[in-house]
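Presented sequentially are two complexes of subunit A, the first with subunit B as partner and the second with subunit C.
On to the complex of A and B.
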């Protein structure tokens, strides 16, 4: 059976910020409206809705997608929330894809919403209850400890230095200067990162993305409908997702195997055999600077342990051979978890259509990959788009 | 362009128990999954292409529940995701995944460990609008009482007719070895049990129970090879109405009507009352069974109460409803409740329902509602052929 083609035909997002005055519903609606307006559709043209929003504990709203229904234009429509922790954003796009690819619907609105600021004093508290209740929760571990282990292991396995990794933060925060929705765009240096406060060694404050409020939305359509809406559809060519075992102590953290499995799923569907040649632009998930490099390797875009060297050579700059996080990523634009994943696919959509303004990468990219990650170093979600 | 059919080829479940202190939810998930894979004759490590788990964080008492999902059902390092949705929603996702043509076999899991929850009513309060409704600080189940009042007023159904639903379902549950709350009670018992949220009484309300259910879905070509008795999914529908208490329709279950319309259209069902042989519908509160019968067009508006009174929905009646015992008899299983209803339909269509087997049936319907305060529901239509 030939696969039904699914296109992205519209995109929108709110500004990402530390503390939005809008409710989650309002944020969702703002992104939703922008996406609909961008392709000349209205709520009535949307047949189904795929919602992504990360843990309910952030804003203490139980069954959050039910609460959001008005803002996501899901009212009196088939609306469903998929959830894979931090990987939710990019996964929501895959979820929208199967709504349309199944033949059940011709249009699907994909929306990622996050309001982290309601969790006082810091959304970190929401993570305390996510570990295994017997072996891990009693440690009262902060998420940052886990990242510190992983960063340490990554550095050790390949002999990478903190300075090499810091360059990723420098690049992304600089890229974000050109993004009108960015929260933490800045011109910083490697020294600034090195001198910033140590949170859990080797993770320092500027290695970490901020917590954010925001929303992002995409309009998906089947081939027939997409051709009527736009002459520049961006096709979803491959999707993949994978969860590894929750027992983090049983896995070697130096390499994200689960990202590779998800990427292979997506590449196979997209008919990509040589990702390094065929992918022109990438939006790997970068909640921490080392994570961007880690994920570039997991996406098979370079050899294991080689990402820092290529980064230093400018390979991943906006004008480099393979621009990564040209949007500014989570480090620059902000980490409104589910919204950031959708934002990454939206960035590819704008880049592939040549509509990314000052952020536009040169050379008319034709194929891009976006990826998100989450849970207990466990989830990989990957979407490949092309023109 | 729906070109292929999808079947349920394997079912696995734990017994449903009001408390289960001897096992964790992980062990329950493992037991159900193991049985389902045995039933379907598949090895999860290489025969299943994708897994779906249904869970809500607060009900589980853990943040980011999907962390815990893969290991227990053989899905580690495989394609798996969770949906924050009812179990039938999980089946719908499986159905969509198979219809894309990219996946051939999908497993769906949902479970309940509600016995761990000390104050379920107040947990539900957190599902209310945090600005407008939650600050009132009420146990959110008052919404069901208000809705019941409005439904009885509009439909002309009576309090006694609602009580008949409890009597029927608890009686049906006696013959269901999985059920937790089978009992012989009378209409008077229901009316005299203490009022919880007027006009609801304690016996009008489904009580929680623990358990896990796993189902394996397959494409037509795989199902024909693997399954001896495949049960085909003919139609699916799901829908959310507005979450606002202030603007929702209080007597009609619009979400159930719209989800059923979608499913009927897909299954080419024109006259549900004639074409559906058996139905398992939401009865988490007694009046909900009546309200949903009308919304699903299994009877006319205002007719449900008298049908129940006449015995038309009993096991031997013209349209058997909740032969399993429903949520009132089996117990309410959180997000797994929908799968429990599908489980009953599958057992009935396979002819494996034992003492409660309804003879000569080919088409069944299962429907669910996500509970107070949501307006979200799903419908699925299953058939032998």
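On to the complex of A and C.
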């Protein structure tokens, strides 16, 4: 395909927190400004804008990307909002990529924003709008049911225990101790997870990421522009996304097939044939601890059902063979839905440039993959980056 | 770059800051009401639930039973061929024991939501609730049967099945 190379040249984010004083516009502006400042550009240098933000029902702001426009530097510019629920953040990076890869624009600002705290007392109630209004919502379904079903099915298919899964939460919350924006960084143990409140068995409180307010932004540029801005561009080498059936009873929840399809699309574009050898660092989507493991398998980074064993062996630790969620992930940094997906790509950007500070993965990683998931829990979005 | 930034933007608040009006906020309590007409496929599906029956549709091209019943096959992109009655029994594909409700409120008596593969559907599941069973004894693979509302109380909705119990 005749597409131009696209680089990430700047990144920024706000702290993630349960409730922010700042409005969505203000959060978006803070992240946007930091991303622009980091590469010495101004909003006048930005030719197009890709916005990601979660369902409008979460903060009851209609036409949210339009509402956010002054914070996204989107006025009088081609601005586009894409949406695939929880998968939105990484999907927004893919959107930004094709804005530039197509040759239409030399620069694109990618921004993910979320203000979940406006729904009182808790945004959980707004999640009911995610279900099918005929056959599912009338059962007063909590979205937690779905995650519990999936975790149960995953454990049952492979003989995995809750304790093995809990280790992912322990790892990510610990990694987040080194992230300056983290909401729930902590030194916890597997026993802490096991003893935490059962919300919807097998899902316990410490298996789950928090709801968050926050924003994260990236500046994308075409090759000729990127080379003028930085001598350390991080290239977006592959993108992929895939939607599976909305009928939950029509899929087997033990494996995220849609992630595999999206990953294969991204790997093929990036020329990756052996992801287990070629990917040095990964940011799989981890709103739940079992989901990190599920997604590692969907990203073809290990065999089905093997992620828990590798996790226990330290394989996915920051100093392991294949560090996953070195940022601290959603479990540690927070789950500001669309912002979290962008944060994951920002983490790869900082890691590949050797700028991740205390979070820096050793061994100069050169290739990374970020992934998000959500919608009606049937979407996979994947971005591969490299130096 | 991240190491150089001393103060990251964002100002955390507590819930009480809003409740006790330590910061100003503006509120809206919408009272919105919606009615969705059920359409062709779901319309018959719900009408049959009112009769105490579970119905699906069949696509002869991919040999699938579509459940809940739909008017067209989304894989073959063609009109379905026939309506097929299914049993009101099935197998637990997966389940949860939920101690939080839809509003994230805590509940003492847990609900047991499950995906139930309906007999005769070729393994297609629907979501519903299990009752009349000790939560500790629920297993994946357990056979269950629908418990229907009395006929006079049915209204043509998924809730016409009260719950499912072990067979």
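Just so it is clear, the second predicted complex is superposed on the first by the 385 of 387 C-alpha atoms of A that agree within 3 Å, B and C clash if a C-alpha of one lies under 4 Å from a C-alpha of the other, contacts with A are read in each partner's own complex, and residues count from 1 in each chain.
Here is the rule we go by: contacts are C-beta pairs under 8 Å (C-beta built on N, C-alpha and C of every residue); 3 or more make two chains touch, one makes a residue touch a chain.
Note that the structure is predicted; figures quoted are calculated from it, not measured.
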Contacts of A:121 with subunit B and subunit C, given as first, second, both or neither: second
Which superposed partner A:312 touches (first subunit B, second subunit C, both, neither): neither
Subunit B versus subunit C as contact partner of A:14, first or second or both or neither: second
Subunit B versus subunit C as contact partner of A:60, first or second or both or neither: both
Subunit B versus subunit C as contact partner of A:30, first or second or both or neither: second
Contacts of A:133 with subunit B and subunit C, given as first, second, both or neither: both
Which of subunit B and subunit C A:38 touches, first, second, both or neither: second
Footprint overlap on subunit A, comparing subunit B with subunit C: 60, 128, 133, 245, 247
For the subunit C and subunit A complex, residues of the former touching the latter: 1-3, 5, 8-15, 17-18, 23, 27-28, 30, 34, 36, 38, 42, 46, 67-68, 74, 93-104, 110, 113-117, 124-129, 140, 157-159
Complex contacts: residues of subunit A adjacent to subunit C: 11, 13-22, 27, 30-31, 34, 38, 60, 120-122, 124-125, 128, 133-136, 138-142, 144-145, 148-150, 152-153, 156, 180-181, 197-203, 213-214, 245, 247-250, 253, 350, 353, 355-359
Of all residues in subunit A, those that touch subunit B in their complex: 1-4, 23, 54-57, 59-70, 74-85, 91, 95, 97-99, 101-104, 118, 126-133, 240-247, 257-258, 261-262, 265, 269, 374-376, 378-379
Residues on subunit B engaged by subunit A in the complex (per definition of touch): 1-4, 56-58, 61-71, 75-85, 89, 92-93, 95-97, 99-102, 123-124, 126-127, 129-131, 237-244, 254, 258-259, 262, 370, 373-376
